[in-house]
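Chain IDs A, B, C and D follow the sequence of writing; residue 1 opens each chain.
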Amino acid sequence: MAKSKFEYVKQFETEDKLLPNCWIVVRIDGKGFHRFAETHNYIKPNDERALDLMSKSAETVMEEFKDIVISYGQSDEYSFVFRKATNAYNRRASKLATNVVSLFASSFVFNWPRYFGTTMMQYPPAFDSRTVLYPSDKNLRDYLSWRQADCHINNLYNTCFWKLIQEKNLTPAQSQERLKGTMSSDKNELLFKEFEINYNNLPALHRKGTILVRTPKTSMENGDLDLSLQLQHTGSARGQRSRSTLSNKRSSRPNIERLHVDIIGEQFWSDYPDILNPK
Amino acid sequence: MAKSKFEYVKQFETEDKLLPNCWIVVRIDGKGFHRFAETHNYIKPNDERALDLMSKSAETVMEEFKDIVISYGQSDEYSFVFRKATNAYNRRASKLATNVVSLFASSFVFNWPRYFGTTMMQYPPAFDSRTVLYPSDKNLRDYLSWRQADCHINNLYNTCFWKLIQEKNLTPAQSQERLKGTMSSDKNELLFKEFEINYNNLPALHRKGTILVRTPKTSMENGDLDLSLQLQHTGSARGQRSRSTLSNKRSSRPNIERLHVDIIGEQFWSDYPDILNPK
Amino acid sequence: MAKSKFEYVKQFETEDKLLPNCWIVVRIDGKGFHRFAETHNYIKPNDERALDLMSKSAETVMEEFKDIVISYGQSDEYSFVFRKATNAYNRRASKLATNVVSLFASSFVFNWPRYFGTTMMQYPPAFDSRTVLYPSDKNLRDYLSWRQADCHINNLYNTCFWKLIQEKNLTPAQSQERLKGTMSSDKNELLFKEFEINYNNLPALHRKGTILVRTPKTSMENGDLDLSLQLQHTGSARGQRSRSTLSNKRSSRPNIERLHVDIIGEQFWSDYPDILNPK
Amino acid sequence: MAKSKFEYVKQFETEDKLLPNCWIVVRIDGKGFHRFAETHNYIKPNDERALDLMSKSAETVMEEFKDIVISYGQSDEYSFVFRKATNAYNRRASKLATNVVSLFASSFVFNWPRYFGTTMMQYPPAFDSRTVLYPSDKNLRDYLSWRQADCHINNLYNTCFWKLIQEKNLTPAQSQERLKGTMSSDKNELLFKEFEINYNNLPALHRKGTILVRTPKTSMENGDLDLSLQLQHTGSARGQRSRSTLSNKRSSRPNIERLHVDIIGEQFWSDYPDILNPK
């Protein structure tokens, strides 16, 4: 059983070390989640159980990979940003992409009952994953802005699409036809005139997606006091935390915060300067 | 909310199409499974529940990816071989590696209760995954031989190591010391003299690992009759199926067969000519 | 002058080792040779001085890189085939591509006067270069067939194109218009009817391009005797060497042979079995 | 002669597009120039004909590739820096590396007689070439500092090494032994005490290597007047141009300037702000 004569096959493995001094984004995407959502009767257009489960899984990833400085999720996708100087897995692209995605997937199944209760999972889902490098802070912010703009555009469309079906009894085809060629302003007006909905009053979770950041240590030590103080800054990003974050802060994993705020403008980045300049 | 001005960030994604006309191997490995095994009280040196769960998860992957022609598993690793001409995911390395590993991981958690019963999973596990290309049939066979030789070497060592601990009350350090520098023949002799064990009589599952192949369609249609006929070929690879395969054949997923046979020699490859020459 | 604090920049270099057990083709192409040919009054459609200079430069490359087993050139391009097992430059793609192309380019300039005499080179030319991997012998032969088929197609077209200009006084635009949409058979007929040219009687150098192979050592030792014997095999590939090869054989670099024969069919490969199976 | 059935081989070519928004450095290195220098009797430790020919070849490259913003050369190597936003060859690594190196090599041979006169080139030289990406301005400056520090270290060593041989009649082995383990300060002292040489007074070309930058357009239009004005800034980087640059400025290619100045400190970069921020 000469092992050595087969060992040469290791030489066929390739190195895939990522360029140093670049932000590393690992983005995971649900595979065939249209079908998965239907099978499991996801509520349309936004199933908060599913969104919470996604964020819970993302938090598991962040707890494992300490070099992730911010994560952003919407729908069935999540992006994880590793700090520029990370040496996790020696910056090997496949190691990063596969460890993140498999932990996310196993966590998604592991935590399913907590969010879906008696709704049994019918089959295990798959996710794909990729690494992308961004050399500058601006590139990284533009990447995150791209994902959040995508969240907004999809949510505005989906909100209209499902309102027309659920409340006006249109078929999916009719609803699609009705929305064809409409601009954002048209959709806002449609929601307001036909459904008396002010889009901007819809839950920030749906409109902005979810941002996961690490809570500074000092904030953790101050506990509830610090929390109440922060809530007074209603004009700032920190004030718009979702309820799940608040309770999370008191739990055994207090160091990751869920936000549903704008990350395209400047405010967020001045509120959280450590993200782009991690110590 | 100008989406377009951010879209340029897509250009930072890289193409990673794999060379055509090569065997694509996707190998997944458990991350930190030493700790995972301890936490969940895996039986040593081989926990058949865990091995069966690994193979069950691998079967889920093979059911999803029809271009996988053979899989090989041992311990906490599994290798999936895509046929040379596959165009799955347009041969993109990251797509293949991440979809396979995330489906494996979510299936592992999904099927856990079936194999571990009331032993609750304590935390979701991660796996890493990589793609490796093998240009020739010989290279591919040598790769599989490498993994099976590895299985043998580890199992022989582990069998001795745990026997010394479990039956001679050595500490792990003492057991390790006892085995230091021994050859295969020394370990075989140790097992025989001190434990009256003929290594070759130990379960093939432990010594050979698990091979998953697709059962030809005709065999499926013939059902039990064909099965009994095959079992008469005791000298051939087909005769050494594990029990889990037999029951599997009658289930709703009859087309994947579990084998625990030698794949280093010629016999297996003449028994299964379609693997290297898929239609 | 602390050198060390800058040395970290070396880590930004990437590894580009090519997959083992594949044929490595390095193909070089003249950059902007339309203009280069015009500037230096290349004879149309085939300038034999230029073709000979290309082959001379390719021979210099083959003398330097002993693992090149065959080269093929036509027009302003040349392909160099490294044997599958080569370990030249540790199979690093950029090393192979750049060393080959720079030696080719410097040799092209170095040997220019020998072929162009008093026609001075007006400016130094550039070439690009790439590496391509071919896993199987069939893939490699198909690659070489692709280039020779390209040679044929271009030469047939160019022969017609320039005949119409040079002997029928058409403008380039008129000539192009005349040939638009014609099939190979149309062009053969055109040459025969209007110019009494049997395309197949045109020089093999123009129709087949140039193949460079290494002459077996035994043939070298036998010298002229062996040569005359070979010339009797007029039906075989070996019989169709160009004159430049014959004289070359007696020179100080007797081991590279220039051929202008078909490499798409089987004959060539049975005449030169060592190319695909180098010792 | 069905071309199409072979065309599939094009699919084996790989894409190698470089990450956007990074500085692209193409560094070329002479292959086996120890032997080339000996064959052509290069003057030791610095042959100014050879250094000038290298810079002349580098200028040819810069004239062809307008997106090169700065080049740095020493000994038998040259680095070319493409601006971050360049789209030359669609940022394909192999295209950039091979076009640059082949043009450099052919230019080196083409211009040889201008610098070496009646010393005939004995054989055509090869160069290798690689692309390296640097995400930040600091990384790029550190890269250039690395090369210039290397120039200094080598030149200090070589100056001592050859002085000991040429003036003290040491053998190469003795000279090497004499310098073993010495620090920079030791070598400076050696030169001063034994040869009355103040290292800092040696030609800047030898100590600093050669920097090629593009002269601003306005400077070109002002011609000699502007030139004389610049020479008064003797404290600044611009004042230390080599003679070859001065004459060059009046020639037909007035837009590339040769400098032999420090590029590790801040002065150079404030003198040439356009390099890091090209318009």
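Keep in mind that, in the parts below, a residue touches a chain if its C-beta (ideal position, glycine included) is under 8 Å from a C-beta of that chain, and two chains touch if they have at least 3 such contacts.
Just so we're clear, the structure is a prediction, and the values are computed from it rather than from any experiment.
When each chain is reduced to the average of its Cα atoms, A sits farthest from subunit C. Taking A-C and A-B together, the chain pair joined by more C-beta contacts is A-B.
For this pair, subunit B with subunit C, the centres built from the Cα atoms lie 48 Å apart.
The centroid of the Cα atoms in subunit A and the matching centroid in subunit C are 54 Å apart. Inter-chain spacing, taken between the CA centroids of subunit A and subunit B, is 33 Å. Within subunit B, residues 12, 14, 19-21, 133, 139 each touch two or more of the remaining chains. Listed in rising order, the residues of subunit A touching subunit D in the complex are 19-22, 133, 135-136, 139. Chain contact summary for the complex, subunit C toward subunit D: residues 1-3, 5-10, 12-14, 28, 31, 60, 64, 93-95, 97-99, 101-111, 121, 123-134, 139, 142-143, 145-146, 149-150, 152-153, 184, 264. Contacts from subunit A toward subunit C in the complex involve residues 11-12, 14-15, 17, 19-21.
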